[in-house]
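Which chain is which? They are A, B and C, in the order written, and residues in each are numbered from 1.
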C-alpha cells in the first residue's frame, strides 16, 4: 500500500487527455431544462400546464486544469446546471461536449463519462449511505467500473489518508459517527475514487463551519494540484468563489449574465447584476465598502421570466429597450457579458461603444 | 379546498371501479360451477343452460362485468342462489343491523379509548400511562371472537345477566328500541368496541402527549393559563385526528363484524356472509362484499372531507 | 504495506464500531418486555417443533366416554375436547398449524410486497402510479373483509387461507415499502451512486435495500399479530384448517358448543391465540423503538 505507487496509478488515468491542453475539457451549448409544473386540478381538465424555466439556454466552457466558479442567487439554476452536467436529470435541449466528444455518443458513453466526471453534494450526511462503512462508500464507484473489491478498498483507504482522515481510525466507521467536515472529506474522497478529470462541487463547503470550510477549501486546492483535476465550483458565497476560482460565471434566472477571469470580474464587473451582487458582499476593508444599492427584493418567478433582459425588473440602469431585446452573451477581451450596455448598437443610452472600439 | 375535495372525489371513482371489478372477479376465482350447488345432480342439460342464461354466466367477461355493474348501479345485485330472493333485499335488511352494532361499538370504543388515551397522554410516563398502554396492547391483540365467547361464558352462562345470542326475544328479527331487544346488543357491542378502543387510546395518547410537549403550550402555561383552558386547547387540537380515526374504525368494524356476528348469531351482514359462504351462494357473497367495501370507500371519503373542513391545517 | 510500516509485522487494526443491527440487538437485549415476549414465542416454537415427541397423549385419540372433561381430570391436565381428545396435546400440536398460518402469509407478503413497493418507489413516474393505484384498490377493503371474501370465494382449505391472507398483507406492506423507497431515492447518496455510473439494479441492491428493508421488516412484524388473529379467525369460521387437524381457531369453533358445560376448557384455545398475538405485538413494539435512532 505504498502511497507513491498509487499516485502514479491514479495519475496515469487522469492524464488520459485527448484534445490537448487548448481544447476545453467541457463545452456546454444551449443547455435548457424546463420542469413541468405539477398540474393542478384545473390544468388537468383544461390540458394546460406551465413550466419552470430552471435553466434556459446556457453556454459555457470549462478549461483544462482551471477552477470555474459559478455564482448566483438561490433559484438561478446553478444546481440544476450541475445536475444536468452529471446527467442526473435529462436536459430539455442542448449539448454537452467533454474533451471533444459528445456525451452519450459511441466515443464517450454515459457510463464512461460518469467515471471521468464526479460530484460532491452540499449535504454531507445525506450523500453518504448510512448503512455502508466509510470505506465501502468510497469503494463503491470503482467497483461499479470493474475494479476488484480488494483493490477498491485499498484505494479507498489511500484516499482517506489523502483527504486527511487516518484510515485506521475512519475506514470502518459509519457516517453518523463523523463530523460534518469529516464527512465532506469522505465525500471528496468518494468523488476522487473513480479517478475523475472533472469534479463538480455543488455548494460543497456551504454547510460547513467557517474554520472547517477553510480547511476543506485548502484541501480541495491541494488535491487539484496533486491529481491534476478541473473543478466546477458552485457556491452562493462570493468570498469563497473568489478565493478558489480561476474564472467565474455569474448566473441569473437560468441564464449566464457574465463570465470572466476571477480577478477582473471581481474588480471590474461588467454586468449590472454582477455589480449588485458584489456590492452585497460584506468587506473588512473600509475603502471597498459598498456604495451602490444592493439588490432589492427577490428574483422574479422563473415560471414567467420577464421579457427581454431578465434582470431589467431589478436593474438600476434599465431602459425600455431592456424589456424588448434579449441581450446576447458577447465575448470581449476574454470576458463575456449579456447586457445591452455592452452590446454594440443595442440602443441603450449608456452603451459606450467607444470603450471597446478604442 | 374545494379543488382538493373535487380531486379527492375524482380520485375515488377509479378506486370504486377497481373495488367493483374485484367483487366481480370473486365469482370467477371460485373453483367449480356455482350452479352445481343448487342443481340436482341429475339436472338436464336444458335446465343447466336456462340457469346459465338466467345468471349470465354464458357471456364474455367484459360483457358480464359491465352488465353486472350497470345492474348493480340500479340496485340490482342479482338473485340469491340459495333463497331465490334478490340479493339487494337480503343485504339491505342485514346492513341495518350491522350498522347499528358497529355504530354503538365505535361510540363505546371512542369514549373509553379517548378517556384512557387522554389520561395516559396527560400523565405520560406515569403508571397510569403504562396501565393504559398495556390495556391498549391487550385491546389490539385480543382475538375478538374469543373475547365474545368469554363474554357469553361470564355474563350469560355464569352470571345469567344478559342473553347469549340473537337479536331479540324468541329469535325475532323485528328490532325495537326496548330493553328486551337492547339487552341482546350489549355483549356484541361491548366485545366489538375493544378493537377501536385500543387503537383510539393509542392515537389519543400520542396526540395529547405531543400537544402538551409543544412549545406554545408551555408558553400558555407560562402566561398563567388555567388547567381547564389548557384542557380545552388540547381537546380542540386532538379532536380532528381522533374523530378521523374513529370514522375509519367504524368502517373496519362494518367490514370486520363477521366473526363477532357469528359468535353472537347477530342477524347482520357478517351472518349473511357466513351463510353465503357455506351454501356457496356466490351472488350473495359478491353483493354483500360489494356493499360493505363501497361503504368503506365512501366512509373514507367522508372522513377525509370532514377532516379537511374541520382542520384548517389541512389545506391541500 | 512495506514502505509504510517496514518491520511492523502485524496488519493494521482498523477501528470498527458496531453496525446498526448489532446496536438494535443490544437495545433489545436490555428491554425486559422484548426478552419476555421473545421467550414466550421461542417456547411456543419449540413446542410446535417437538410436539409429536412431547405430547402426553395422542392428539387424535377420541374417546366417547371421556368427552369434555374438566381441567385436571385424571391425567388430562387441561381436560378433553368434545370428542374426548386430550386438550393439552391438541393445543401443543395445534401450535404448529396456528403459528404456520399466522407467520407464513406475512413472510410471503413481506417478500412480494417489498419487491412491489421498492420497484414502484424506485421507478417512480407512470410505473409507480399504475402499481400503487392497483394496490390502492385492494387496500380499499378492510382486511377482515378481504380475507373472508377471498377465502370464501376460493373455498376452505389451508392453501386457500394462506393465499387469501398473503393477498391481504401485500398492499399494506407494498405501501410502506413504496413510501420508504421514495424517501431513500431522493437522498444524495443515491444520486451520487447514479453519478458513479451504477445501474438501477446495483443501486437498489447496495444502496436502497439496506436502508428500506429494516423499516419494512418492523412494519411486517407488527402485522404478524393481526395475521395470527385473522388466520385463526378463518379457521374459526371453517374457512381454514379442516378437522381433525388441530388448530387453535378451529378448536375454538368446535368447542363453542361446550361453553355451558366446560366453559374454561372451551376458552383455552383462544388463550393461546391471545398469548401469541400479544407476544408478537410487544416484540414488534420493542423492535420499533430499538430501531428508532432518537432513543
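Criterion: contacts are C-beta pairs under 8 Å (C-beta built on N, C-alpha and C of every residue); 3 or more make two chains touch, one makes a residue touch a chain.
Composition by chain, UniProt nomenclature: B, C = ABC transporter permease.
Values in this document were obtained by computation on a predicted structure and should not be read as measured data.
J.: Need the most distant chain from subunit C, centre defined as the mean of C-alpha atoms.
T.: A
J.: Quick one: most central chain, C-alpha centroids?
T.: Located nearest the centre of all protein C-alpha atoms is chain C.
J.: Just curious, how far off is subunit B from subunit A if you go by their C-alpha centres, in Å?
T.: Going by mean C-alpha positions, subunit A sits 57 Å from subunit B.
J.: In whole angstrom, how far does the Cα centroid of subunit A sit from the Cα centroid of subunit C?
T.: Between these chains, centre-to-centre, one finds 50 Å.
J.: From the mean C-alpha coordinate of subunit B to that of subunit C, what's the distance rounded to whole Å?
T.: 24
J.: Over in the complex, which subunit C residues touch subunit B? Could you list them?
T.: Going through subunit C, the ones touching subunit B are 133-134, 136-138, 140-145, 148-150, 152-155, 225, 229, 232-233, 236-239, 249, 252, 256, 259-260, 263, 266-267, 269-271, 273-274, 277-278, 280-282, 285.
J.: Quick one: in the complex, what on subunit C touches subunit A?
T.: 1-4, 12-17, 19-20, 187-189, 191-198, 202, 206-207, 210-211
J.: Inside the complex, what are the residues of subunit B that reach subunit C?
T.: Residue positions touching the partner: 14-15, 18-19, 21-23, 26-27, 29-31, 137-138, 140-147, 149-150, 152-153, 157-158, 251-252, 254-256, 258-259, 262-263, 273-274, 276-278, 282, 285, 289, 292-293, 296-297, 300.
J.: Going by the contact rule at the top, pick out the subunit A residues touching subunit C in the complex.
T.: It comes out as residues 1-4, 83, 86, 88, 110-112, 114-115, 117-119, 121, 123, 126-133, 137, 140-141, 144-145, 167-174, 177, 187, 190, 194.
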